[in-house]
Amino acid sequence: MNRITYLLAHILLGVLAFLVFTRVAPGPLFSAFQLLFFILSITLIIWRGINIGWRNWAWLILLIPVVNVGFLLFAPSKERFPKRNFIEITPDRSTTVDDVRLVRWNLARNSVRTILLSVSILIAFLLFGVLVSFNVAITDVRTAPNRMVTLSKINFTESLPIAYFDRVLHTDGVLAATHMNWFGGYYQDQRRGFMAVFAVDPDSYLRVYQDDLHLTPQARETFLHERTALLVPRNIADRYHWRVGQHIPINSNIFTNGTNGSHVWDFTIAGIFETPDGNSQANSVLIRYDYFNDTITFGRDRIGWISFLTTSATVNDRVAHAIDTRFANSQDETSTQDAAAFNRSFAAQLGNIALVVTLVVGAAFAAILLIVGTTMALAVRERTKEVGVLKTLGFSSGRILRMVLGESMLLSLIGATLGLLAAAGVLYILSHLNGGGGGGFHLYPSVIGISAAIAIALGLVTGILPALSAYRMNIIEALGRR
Amino acid sequence: MASLFKQISAVTSMNVRSIPQRAAMSIASVVAVALAISVLLFFLALGHGLSQTVQGSGANDVAIVLRDGAGAELNSVVTRDQLNIIAQAPGVVRRGQAPIISGELLVIVDGNKRSTNTNANMPFRGIGPEGLSLRHNVHIVQGRMFRPGTNEIVVGAGLLREFSGFEFGRTIRLRGTTWQVVGVFEAPGTVFDSELWADVAVTQSLFNRPNVYQTMRVQMTSPAAVQTLKRFVHDDPRLQLQVLSEREYYAQQASQSTGQFTIIAWFLGVVMAIGALAGALNTMYASVAARSAEIATLRIIGFSGYAAFFGTMVEALMLSALGGVLGLVISFIAFNGRSTSTLSSGFTQLVFRFELSPGIIVSAIIVAVIIGLFGGFLPGIRAARVRPQLELAAQ
Amino acid sequence: MTDLIRLTDVEKTYTRGKEKIAIFERLSMRIEQGDFLALMGPSGSGKTTLLNLLGGTDRATRGTIEFDGKRIDKLSEGQLTNWRAQNVGFIFQFYNLMPILTAAQNVELPLLLTNLSPKKRRENVATALNIVGLSDRARHKPREMSGGQQQRVAIARAIVADPKLLLCDEPTGDLDRTTADEVLGTLQLLNRDLGKTIVMVTHDAAAAKFAKRTLHLDKGHFVASELAA
């Protein structure tokens, strides 16, 4: 996980929580929220099986006391944060009353209704969290802006002559290049054991992808020198309980092994690596090109595609043009583009997922907008008389408007929090059902941030009409006397 | 019994007539049900349309031969020698001396998806001279068939609908050579409708795969003859091949690709239905609360608790059924019959139509009714428990 | 004695549909500090409207209303709301307590409009409940109390912020004789011992006897005035 994104998201949410909970439930509940968020973050990191490094762990562990001490320092006054019961949503007979409690107790008075509304809001945020995270996971593969790829112009499944590699490598503006072949690999079972196995040139691969793979020096050495070496990502190694040094047979559904006439190759695990979050190499299993090329029965001395880095993203277009012109009108014409664009266009082939996600999430939110909006209107209508009494007692219309808005906002935040927790759970189950092969799904910080914004907007939209009607309510009519 | 029925109908008609008083909430829950049903139908129709197209592609008296363990066409390899052996197998239909077989090579070429203007993988199939006669439902609707040995292509009508770049009469550059689109064929409701076809020998040489096929299709005398061919291949050690009837092959492919859509449909559908159910329960509780004075009055007069219960149930069922019907209407207007495409198991685009089946419609109605039943049950019990007390009636 | 309230030439008209209904045309009256006034009259005579005008929950069409020497008819809606919070306590026929709050919490509500600390608020609430004799009921909810008790909670709520004026709209209309007398006794006590000025609308002649004087309204005019014995 990108540390900066992570920290920004955490701090943003912290501030948001601060603003919301100092109004609604200051003190211990705020800390509890912080703690919950902290635990959630750590759980996500552990789920993903990412080594984020000790610095980031230190950041995370420091964050809670820092934010909470900051909270204590900048808290307006002790008066506003008296000691309270931990989570106090139901009316407590022994305490004094205030606006914030009145909001919460109003919400609690019809508990069946509140639970039902929370469930429907939960559902919308569950769908939002799951679907948007899913969409982000398949479309937003992070690559460096100067990373490019040269493929056959016909299609990515067509191969290129190996001679092209040197020519690309020596093109002006190319910093480093490597080539890769799709192996069509699987372990034991063709469907369940499918994995993305690539035959790569170890030396150049590790140079081009040096920041993408966290590899021990020993694993690197072995992969550079052992012909049958195999590099496996952590999630796949964990799934099959593989250890370094173990011999593993991998099948190919394309190639035949000339040495034994079968579709099986034997490998020795040289290392188990980890990748930063959302990395393009996240689920790649790596084998050596020389071993692959010497043993296959057809398609020898051809490479799948060339992946390279330019000296700077500004020369991308020039380099792409130079390469493609170089091979124009040959048997194997090429198409060179930046890696991010290639990934995006590949994901786009599944269909317009973003549109489908937008439609489904839109449908869910349209439904709850109607349900929550009409119910809030009913709730305020039922309380007409009480609004009248409060106004008679001298509560200003603005204050009553804020109380109604606070109620819809609190409801929306409760639903959103529960929904995102449920989404995290569903994504966890989904990524495990998938066996980690198709990429682990998880709740992205950006999704959490957007959800918080949507929750606030939802609270405002559903509450604003009832709040305005309470605001405008005439005392005499409200009390039904004239 | 008759009296209870009368009571129920009386209470129900009173409930229904009072719905307009709770119009906003009732509409909200109808719409929520409708949206949930639409989402369910969307993915079910997607999966069904896809599965119909893939399954509809296979005949049961045509055998398809793949490399053993290949699983799909793209990974398969069949050599010329193997092709020649199978051509002599028993049960193969012959026209004069020549067996009706077609060695085929499927490669991927780039096309452009019209709706999003993005690159897409088009299946480009080299077929043998008998390739057309092996596919029964295919006919040329514009232009003519390609001539063997030339760089000519015919294009599927479905592909033309969704993708640009292969229009009739157009010349296309592939591998440094020019190809001409000389015809458009229709293969309605099959995967072939989204393919490009050319002569297999030309395809082999231009894509640098001399004498290599991926699959071969064989016209057998009868469905039973496919079994004979299976045994024939099994008994010959030179043939590390797998024989399936075309229908078996496509049924396998269909189950792979549509299973996901069915899972997505039910996951999203059920999740949204739970949301809609929460909305329906909410509406019905509000309805019972609003009518409690009325119910208490009826109970004092002598109506039974059952009448109050069933009255509430019927109201809930009516709202959810209305939602279900609205959901169906949305589906028919918004997407049923619409053409779309996705990446098939062979990494190429497959064009198909959203298709609602009677089974799908029935299951959507069942979901709507279940929402209504659950949505009316608990509030119904609350209604039945309203006691016949004067002070309640007076409120 | 000084005048707490002075109404001069007050006119009040309503438009109901296209029809204009005049409640008062030229009503003038004075209420002295420390008065306990009962307003009687048939339905539609304008008693409740008068009460609304006095409490600033409704506005006169024309004329001036002074409270403690200040023109309240000139105040903006927001100023009027503040003024009400500081100077007026209301007691309703149907008590109008918040069902979700306990007696103590209900009484505390007007104190939220002050800047008292929770501790101080609690003390004031205890005092107010003590005055109406309900200290032992502080933690009960309205539903758990009798009508008389609820009305006494409402009285406590009305006096907790120490307003000068108490406005009562049929405070005993929903109570039986004995309970009503208890409640009225409490009001009398507030008037006599704490010097609260009270204006009470009632239908009940027996209730009016607890007041210092009674005004009879009919069709927007005072038709009779009597002092208590």
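For clarity, chains are labelled A, B and C in written order, and residue numbers in each chain start from 1.
As a working rule, contacts are C-beta pairs under 8 Å (C-beta built on N, C-alpha and C of every residue); 3 or more make two chains touch, one makes a residue touch a chain.
Given the structure is predicted, the values throughout are model-derived calculations rather than measurements.
Undergrad: Across all chain pairs, which one has the most C-beta contacts?
TA: Contact tally peaks for the chain pair A-B.
Undergrad: Where centres are the averaged C-alpha coordinates, which chain has the largest centre distance to chain A?
TA: Using the mean of the C-alpha atoms as each chain's centre, the farthest one from chain A is C.
Undergrad: Return the distance between the CA-based centres of chain B and chain C, expressed in whole Å.
TA: A distance of 71 Å separates the two centres.
Undergrad: Where the CA atoms of chain A average out and where those of chain C average out, how many Å apart are those spots?
TA: Centres of chain A and chain C (C-alpha means) sit 60 Å apart.
Undergrad: How many Å are there between the centre of chain A and the centre of chain B, using C-alpha atoms for each centre?
TA: Measuring from centre to centre gives 29 Å for this pair.
Undergrad: So in the complex, which bits of chain B are touching chain A?
TA: Chain B reaches chain A through residues 24-25, 27-29, 31-32, 35-36, 38-39, 42, 69-71, 74-75, 77, 107-110, 113, 115-116, 118-121, 174-176, 207-208, 212, 256, 268, 271-272, 274-276, 278-279, 281-282, 285-286, 340-343, 347, 349.
Undergrad: Once bound in the complex, which stretches of chain A touch chain B?
TA: 112-113, 116-117, 119-120, 123-124, 126-127, 153-158, 184, 190-191, 251, 253-254, 263, 298, 329-333, 345, 348-352, 359-360, 363-364, 366-368, 370-371, 373-375, 377-378
Undergrad: Which residues of chain C touch chain A in their complex?
TA: Those in contact with chain A are residues 14, 48-49, 52, 55, 57-58, 77-78, 81-82, 84-86, 88, 90, 92, 96, 98-102, 104-105, 108-110, 112-113, 117-118, 121-122, 125, 139, 141, 157, 169.
Undergrad: For the complex, which residues does chain A have touching chain C?
TA: 79, 82, 91, 93-99, 102, 105-106, 108-109, 385-386, 388-397, 475-476, 479, 481-482
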